[in-house]
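One chain, subunit A, appears in both complexes that follow, with subunit B as partner in the first and subunit C in the second.
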Partner chain A sequence: MNVFLAVLWKDLVTEWRGRDRSVAMLVFCLLVVVVFHFALPGGATRETQELAPGLLWVAYVFAAVLGLNRAFSVELENDALTGLALVPRDRGWVFLGKAGASFVILGIVQAITALVFGLVFEIGSLGDVLPLCGIVALGSIGLCSVGTLLGAVAVRTRFREIMLPLLLLPLLMPILSGSVRATTELILNGQVPFEPVQLLIVADAVYLIASFVGFDYVLDE
Partner chain B sequence: MSRSTVSARGLVKRFGHAAALRGIDLEVPEGTTLAVLGANGAGKSTLLRIVAGLARPSTGRVEVAGHPATHHEARRQVGYVGHATLLYPSLTARENLIFAARLYGLQDPGECADRALDREGLAEVAGRLAAGFSRGMAQRLSIARGLIHDPAVVLLDEPYTGLDLASAERLARRLSDLRGSHTVVWVTHDPERAARYSDAAIVLSQGRIALRAAAETLDAPSLEAALGAPDTAA
Partner chain C sequence: MLALAGMSESVSEMAPDPGADGQRVGRMAAWRRGVGLFTGASLLLYAVAVITAPIDSVQGVIQKILYLHPPLAYGAYLGFIITAIGGALYLWRHREVYDHLAVAGAEVGVVFCTLMMITGPIWAKGTWGHWWSWDPRLTLTLLLWFVYLSYLLLRSFTEGGERTARFAAVYGVLGTLLIPLNYFVIDLFQGRAMHPENLSSGSLGAGMGLPFLAGNITFFAAFVYCVLLRWEVEIGRARWAEREAEGAIS
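Now for the complex of A and B:
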């Protein structure tokens, strides 16, 4: 637990001081909103409501890829990754700390993006906020879990900037499927069906456990 | 705290087709300081990183304090100071040490960090970001980081890198303090320092031990001769 909190604290403090990760993610998300604002018909049409969840998750996923790449590139400076590998506990706690920090940073970006998205496309209501937070949180747990594991793999490769999305996106299919379906149902019908939520919970559990265990080997040279 | 030994048996490490280590057998008794010398590319840093549990050997076995080197119980006993400083530039010197103390689960990380800063003569710059440190100051902070948990086994990879005269003397005193009470394995290019601050030495050449010098035969000229090329000595 000490290691988890230490890594979480370190990642959040360094991000607060630099803000390079969160600003890049937020700017990307807002650009996506702007681009789709021009591409989609204006007003709260049925078509917009059907497309919006997918677009929102496109923004979230690619913003997360940006952030996850950056989360490990800072560890390359001064070979700080070696310092994390030396930790005298299960290295899975390091994974949890880094994934937790990514989850917090991504969550802030997602909240601002969702607010702007809702205002620009005139979709959603106040009653949707809590269920949407739940769906986004469930999707983000899986996204940050497997993204943190693969970020640690990709950071030591030659083409790390493109390696992470190539490795990550195929594995995100269950997460994306569950998240988009649940968000679409919420926006169109005001209800969250159980089936996609169940898929998200199972995928989160699998990715969390596999990443916790696998991280020990990923940090080995 | 238990005082530990390092032992390696039949250690081989390959990177693709290239072998960095080709069958190293090594025993470092408790409380001994062992210097590791060798030309660039001889396998010194690879050996140290395997003992630190950072890399797995291709074949062979390494134990630290009776545990496989990659086990977290072995890592708890090890303090590692590498080529790079392992520091976060956007954290202050004190924050870097507090972070390290938390990773090692030390009681009162702030107090531990302050003691380590005092020991390295960095108390006055405790609140400065590590990004603004000179190479020498960063190296001293890196040493403080590596030894913050008072490890039984100390691994130092060319610790004199970037140090000015005063800092080098401080490190020499530190090595003398550690001698006898800690098991130290340190990599150096300097045969004189190796002879002065060590109980034994090995010279690596192309991944093999070319010379083992015990306490009674340890002297700078013989190490220099074993190193062969004079340009490898700092």
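Now for the complex of A and C:
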């Protein structure tokens, strides 16, 4: 538990001092919103409302890939990754610390992006904020857990920037379909059905446990 | 599968004794040649059965793709399961031979899956009028194909034999978790599927059962042959690399 808190604190403090990861992710997300403005039919039409959740989640996933790549590439400096591997506890706690920090940083980026997205495309209302936070949090748990595991794998490969999305995107299908479905229902009908939430909970549990156990095998000296 | 498991045990035990090791690989090669002969003979029977099978009155000659497509699908799934089993055994026992089995399963599985993804759309265009449909089963198979292509890319982009094996094993096992999760997705969201359900007894027309059975037997034998061959090659390659390293040291 101490290892988890230490790694989480280290990553958050490092990010607070540099802010390079969160700023890059945020600017990327905002640029994606601008690109969507050109891709979508103008105005707050029904089509825009139907397409918006999918597009929002595409922006989230690509921003997460950027952040997760950076989460481990910084550990290569001064061979800090070896230090993490030598932690005298189960490496799963290191995983939880890294995933937790990514979850917090991604959450901040997601909140600002959703706000801008909602204002620019005139989507959603104040009443949607709390359920949307729940959906985004559920989606991000799965995204950050499997993304952290695969980030640790990708960082030790050649072409690591391209390797992470190649490894991660095919595995995100359950997370993405659940999140997009729940967000769409929330925006169009103002309520969240149980089925996609159930799927997200199952997928989160599977990926969290598999990544906690698997991290021991991917972090090496 | 039992034969494969037995062989993996026998091959894995030979590492400390190179002579016995060679003997066991030789035994494995003999098995493979036997399976190869059976595949050749079965292929002849299969070709005759497909040519002489009646032409479907609704779908026409394109229906004959179904003597090819499902057996390829079984091979693809079997390959991916072998990859996951090989990977899990490698993580558990740390024996190279299991990693070699996982590579063999993934490569042969990807080949079978690619052929299945080619034959399926040809049949679909003739029958449904579309090359592709985002049908649950098709989507799941496409995702699995991407997972195992990424698996092979991961292997080629990672340096160090032990690290490559470890990373690939983790990813191979993770990829298999996608199968039940995606079935969950499919059940929840996609409703009725376009893809035909599994064939039940008596669902094939008169004279169509034999070529279908022959296809399944032939492609299963071909699959086993390819996996054994690829496994053998991988073991040989590892041994050659070891000898090279020993030569460089001495």
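To be clear about the criterion, the second predicted complex is superposed on the first by the 220 of 221 C-alpha atoms of A that agree within 3 Å, B and C clash if a C-alpha of one lies under 4 Å from a C-alpha of the other, contacts with A are read in each partner's own complex, and residues count from 1 in each chain.
Criterion: a contact is a pair of C-beta atoms (placed from the backbone, for glycine too) under 8 Å apart; a residue touches a chain by one contact, two chains touch by 3 or more.
As the structure is a prediction and not an experimental result, all values here were calculated from the model.
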| request: Check the residue A:13 against both partner chains and state whether it touches subunit B (first), subunit C (second), both, or neither. | output: first
| query | Is A:2 in contact with subunit B, with subunit C, with both, or with neither (first, second, both, neither)? | reply | first
| said: Output check: A:218 vs subunit B and subunit C. Expected answer is one of first, second, both, neither. What do you get? | reply: second
| message | A:123 in the overlay: touching subunit B, subunit C, both, or neither? Say first, second, both or neither. | response | neither
| query | Which partner does A:210 contact after superposing on A: first (subunit B), second (subunit C), both, neither? | reply | second
| said: With both complexes overlaid on chain A, does A:83 touch subunit B (first), subunit C (second), both or neither? | reply: first
| said: On the A-aligned overlay, A:177 touches which partner chain: subunit B = first, subunit C = second, or both, or neither? | reply: second
| task | Take the contacts of subunit A with subunit B and those with subunit C, and give the residues found in both. | result | 220
| message | Which stretch or stretches of subunit A touch subunit B in the complex? | response | 2-3, 5-7, 9-10, 13-14, 17-18, 74, 77-80, 82-91, 220-221
| Residues of subunit C defined as touching subunit A within the complex | 91, 139, 143-144, 146-147, 150, 153-154, 157-159, 163, 166-167, 169-171, 173-175, 177-178, 181-182, 184-185, 188-189
| Which part of subunit A faces subunit C closely enough to touch in the complex? | 146, 149-150, 153, 156-159, 163, 166-167, 169-171, 173-174, 177-178, 181, 195-196, 198-199, 202-203, 206-207, 210, 214, 217-218, 220
| request: Mind listing the subunit B positions that touch subunit A in their complex? | output: 49, 52-56, 70, 72-73, 75-76, 78, 80, 82-91, 95, 99-100, 102-105, 138, 145
